[in-house]
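What follows are several structures.
After this come two complexes, each holding subunit A, first together with subunit B and then together with subunit C.
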Partner chain A sequence: MAPEGVKTTKSHREIAGETRRIKVIRALARKSWVHSAAKLVINYMERRGGTPYQINAIRCFADDFKHAYLREKPCIFTSAFVPNELIYGLGGVPFLPEAASGFAASFGFAKESLAVCESLWYSPDLCSFHRAGVGASVLELAPKPAAVVVSSHLCDGGKRSLYQISQYHDCPFYILDVPYTNSLQSLDRLGKQIEEVAQSLEQEVPGLSKDHMDEAIANSNAACSHYLDLCNLRTNIPSPWRGREALSYVVLFLWSWGSPWLTKFYQALAKHAGDIVQSGEYPVRNERFRLAWLNLRPYYSPRLFDYLEDECEVSIAFEEFSYMYWDPLDARDPYVSLAKKIMSNPGWGPIERRLEVINRIVGEFSVDGVVQFAQWGCRQHNGGASVLSDYLRKKGIPFLNLDGDGVDARNSGEAQSLTRLGAFVELMESRNIRNSR
Partner chain B sequence: MKPGSYVMGIDVGSSVTKGVLLLDGQILSTFMLPTGTDLNVTAGECIRRLLSNRELTQKDVLYTVSTGYGRTQVEEADRTITEITCHGRGAKALVPRAGLVIDIGGQDSKVIRLDEDGMVADFVMNDKCAAGTGRFLEVMAERLGMSLLDFGRMWKTARKPANISSTCTVFAESEVISLLSRGIAPDAIIRGLCDAVADRLLGMVHRVGLVPDVVMTGGVSKNEGVRLSLEKKLSLKVVVPDASQFAGAYGAAIIGHELAMRQ
Partner chain C sequence: MVHLACSYIPYEIPLAAGIPAARGVFEGPLPSTEGYLPRDFCAYARAFVRQYKDDDVVAIAESCDAMRRVYDVLRYWNLARTVYFVDVPRTRDPDAISFYAEELESLASKLLNSEISPCHEFSERLMLAINCMNQIRKELSDVFDLVSERQLSAGRGIELVVNVNQLLADFRSTHDAPEAVPCLTHDSEPGMFDTIIERIRGMISQTVSEPAPLSQDRSRIPVGVSGTCLLDSSLIECIENAGLDVVFIDSCLPSRTYDFVVDNKTTSRLFHALAEAYLSKAPCPRMFQGTERIKRLYELASDHGAKGLVYFAPKFCDQAYYDFIEIRQSLKALGRLPVLLLEGQYGVGKTGQALTRVEAFREMLEGR
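What follows is the complex of A and B.
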């Protein structure tokens, strides 16, 4: 448990960001008829022949949101890289404020969340995924957490901003202190921490019980199996799935391991990709180049991807955040298994681990160039940009460090980003011409 | 492509629109005018003036390539190419030994490393604000009540540069006011401003790798003070070709010529 911090009072909500539409959304999210109506709409979409993987993705969130907002199950806030099998395994529902910020940006609600966060003295230099998460929580657009669980990897801003959220909601706060180096002792230490957090959550939060752990682990492994099928299909040239969509569905990859819906989602998505490969109806028909995309994307505008995929006919073959980095989990030893999952994250530990994964992506997905979306305020990714650039340059792989912001539109210039992307495509073209001589 | 064919390159920059007309791959004429608010109208006017100077019409032009931030607004263009590629190609044509191009325009700055064929090997652009760009220098010149053309002369008379710590246009302006109020001589302030721009470019140069010859293009290439600061910090000569402002449009026209030949 963390020491008591500065309590954020409700009056902050009134300083900035509190608009009529925020009031409406906050109220609607907590009405049971809204969730019942959402279920009816999803069923209707399914009957009308909607795309199965999209329907399953909506179901995945609709189910969790209903439980969280209507307080049917304890809602546990987690930071982006906490293995949520732990939360589903305790019978709770996870909520990731950082990932929800991407949602907010997609639906145009991020502005208010960012404004309220800034009124709380958060620096605009902090990653906007964290700022918007704090703002949404203070505006009570997010559900009320019963507890907060964070890990010390990968982002420093995440654990600090989530601590503030736990103070605002006056709920227990747990931190998994992830060892930097990978060893048996580290695994043992982290496994024990996870077990202690599980026990403590079970005691502190009514409604949580470890009885669901086997089911969550089984769900995770089943989803993993379908996901690997999907990854295999994505090695196909041309790419069977649009990168912009893949970068949107990264939210499920971060959020839903352990949920029964994730298995259905990846199963349907793998089938969709298989059908595309069979039919030859590829989303970027005359694919000229294939990119690996590192970090996230701007969620408030699709313009960069319209340009890249539709105008330049360049596919995003695979994303760094979609890389499956852990082995199947062991239900007989769930906590050590979850510790192994955490410790396998290539973004943690020496940068060579990340470079190795990027190198594998480049090879397995036949990539022509690598773009790193340099999220404003992201120390984790931007800190290694120079090493990454040198590494790829030595391998002769074109690399673009594209400055931008995933949530806060004020932090990037679209015209400049388009010029950089365009010049990068031209650079790959000129290399092709030279290599063909 | 038949002999006697005309090809055009139009560079719609944030401050100035430039045009180059080629005849059989050689520069026949150039023209530039302020970009203004309607990019399409400005580009049209640039094209009209380029052609009317030679008693030609659009029908006589085999191929047109547009570039610059307003490149998509040029109705007459057969193809759009980014200014990064065009400045690289134009600079290589103007200075055949060019290895690195520093292009400072009205609202952005770019450093482009070229390979031996004059193709872009790597590039970086400035951050999203106007720090260290042509607009930055314009605002500072306005605050000091002098022309940008005076910068070179003033740079040379300054005994030492004033310390300007920011290239943010707003912050640097308040620094300039503060320096003036402390009685610092304008020539020292100008040299300090030029050094601040050069310092910012220095980081970009080393990110892509310094490969001589270094060529400056874009509107700010005509600012002798910035060139002198760059030369001092890089410890090498920076080449500014006569047609440095037209490098982007010239590069666009060269690419247009190549594309027309493939048709």
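What follows is the complex of A and C.
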């Protein structure tokens, strides 16, 4: 049974006061000439000497968006930690509403998405990444899903918001019920579920076929290899890549495993980082401190990073969400392999797994301090703050829990965040933290 | 004692192991342990974070992001010596049931401090515990039938359920020393479960024999109450004080704890029977069972003649926030059943704001 909302999305748009630009964007996103024009623009940027990794990233999304909006391939909505090799492997294109919310915030569209969501009774105390995702779906800024696949681990908002999107669009919904304990039995259960979802998607959604699975797994493994080269280069002091950019490209890390473009993107990015190390043209030349950044970032404003990187000369050496946590996938046993990937996520299971990964990041990337961006409404990450703070304190690593909101600017006090970051840098200075480590 | 954090964790297992067990029921204000979890966490999760006694066992279920963090916090800060995690599936297909049966068997082994599967004697006692809990559930369901028929106030019903929960927590204290390690043989006195049932029957007869003035006025409007976790009884009292009769309560306590039966005919696969019954009971908002929850709520409202639904969401409970949207839209579409959302912490029903909103809801229902 579909809720009433299915038939009254238009009135919700009206209630939210749909703006003209939203109407224009919605219409343009579905025009084939727009996608052809975008392709020409990207080619032009490339010819004019655009940075190869940035061009590849744009192509990666442009390609997926074209397939999704023009319905050239079935578009499958997934939550952030579903292994999208499954979707590419079936010949579909994934769409992650919560990750797209970051895009929307960057381009200033999140306001309307959040407003429509609130008109539908979504509480402002929910994570804004999910609220904006639902809003974008209701406003039809997002493409229409052929099906929705979520995983039950890590984030309650992700699975529930996507369930509601599936209801609005009246499309099949699948949940991968991820066991908490990492055991053979758990892997077997999850592997079976993934296989069943793949079979069901193949039957329910015209145009999907498992014929592409080997290719998607090969793409994922190839991308992984280049990505590890990049990670290795990022251990360099000073950091060869700007943290603000790295935090923006986390979206690719969440989205594109299995896409052929991801391999090209990481290959080009690793080359770019290698060139920076060779040339010494570091983005933060006089790097004073190196931070590990946990969780995401505010996408609507770069001011925090202007301040950190340009004024304070502090680099973000590595991000928690960029941590490569899985082993290469096995094309002979793709479903168990994907199950292993899901269950290897350090955010899943007891918090000790997350602490271990943060400890590794601190060691491998010579980190001087750790900042957790405490996204409003993120119980998954924020709930670990007291443990994290104590764990790092015992290791002599300064920790800052920085309250804010990645998408909803109304929940953030930017000036307060700047003050707190400034105080944190002063604390590292006063402790002479770099020399003491 | 075992502190159970979720209605999906069976009482039967600790009872069969001879350990008193009770669902965590708290009263505000919360203890001063707030630094362990951020303030934007639901009050129930924060209430669970407290210093437990050395011989206490805490069983946390995979209910939500917040309760997973409670599990981490209790262990990391040594607030409880023994904390178990019970991995409750979100689906109830045969694989999920088998998985949960093994999870429950593993819980039993842990409670018995056994490396191997529970012994034959335990199985016998588990059967007795299942029969005992089935009987308790039946007795309490009968009480809530009286609530539905408006012969007993829902506030009294909730009070009774909380007292029964407390009785299950206390039942052994007069017989045994509170040793940390439960020993099956220490508690296998015959008739223990019969004693529990008798005492509960006594509590029930006392409750139903006392007058319930709120339910005598037939002009009062019947409503249902739903939500994730009711936190405390103050909301029910507030609704009744505002001139509405609560005819059903769809919450952890009472309905999702007591309104089902475990199949006791298959003696060989008791954990499977438990898993099946608990995963098949009235679904909680955390479960993914399509529209079953909505249909059930609509049936409850239709069967009991409820004219409206009060939905209670503990502040910062994500499951409730999302659940409410589905419930509101679907009930409106199905039968134009109005739904009032109330958010709050412990003691919400004692606030003037809640009372004003419930009174406004009553006036709206009166005008329909």
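In this section, the second predicted complex is superposed on the first by the 421 of 437 C-alpha atoms of A that agree within 3 Å, B and C clash if a C-alpha of one lies under 4 Å from a C-alpha of the other, contacts with A are read in each partner's own complex, and residues count from 1 in each chain.
In the analysis below, a residue touches a chain if its C-beta (ideal position, glycine included) is under 8 Å from a C-beta of that chain, and two chains touch if they have at least 3 such contacts.
Just so it is clear, the model here is predicted, and its values are computed rather than measured.
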*subunit B versus subunit C as contact partner of A:122, first or second or both or neither*: second
After superposition on the shared chain, which partner residues are touched by A:54: those of subunit B (first), subunit C (second), both, or neither?
neither
Quick check on the superposed pair: does A:382 touch subunit B, subunit C, both, or neither? Answer first, second, both or neither. second
Looking at the overlay, what does A:177 touch: subunit B (first), subunit C (second), both, or neither? second
Exercise for the section: Considering only the touch criterion stated at the top, classify A:359 as touching first (subunit B), second (subunit C), both, or neither. Expected result: neither
Now for A:301: first (subunit B), second (subunit C), both, or neither, which partner does it touch? neither
Of the partners subunit B and subunit C, which touch A:413 in the superposed model: first, second, both, neither?
first
With both complexes superposed on chain A, which partner does A:427 reach: first (subunit B), second (subunit C), both or neither? first
Comparing subunit B and subunit C in the superposed model, the one touching more of subunit A is C
Listed in rising order, subunit B residues that touch subunit A in their complex are 69, 81-85, 108, 115, 117, 119-123, 125, 127-128, 207
Seen from subunit A, its contact residues with subunit B in the complex are 389, 393, 403, 411-413, 415-416, 419-420, 422-423, 426-427, 430-431, 433-434
The answer for subunit A against subunit C in the complex is residues 1, 3-5, 120-123, 125-127, 152, 154-157, 159-161, 163-164, 167, 175, 177, 179-181, 185, 189, 192-193, 350-351, 374, 376-377, 379-380, 382-387, 390
The subunit C residues in contact with subunit A across the complex are 35-38, 40-41, 62, 64-66, 68-73, 75-77, 85, 87, 89-91, 95-96, 99, 102, 286, 288, 291, 294-295, 313, 315-316, 318-319, 321-326, 328-330, 332-334, 341, 343
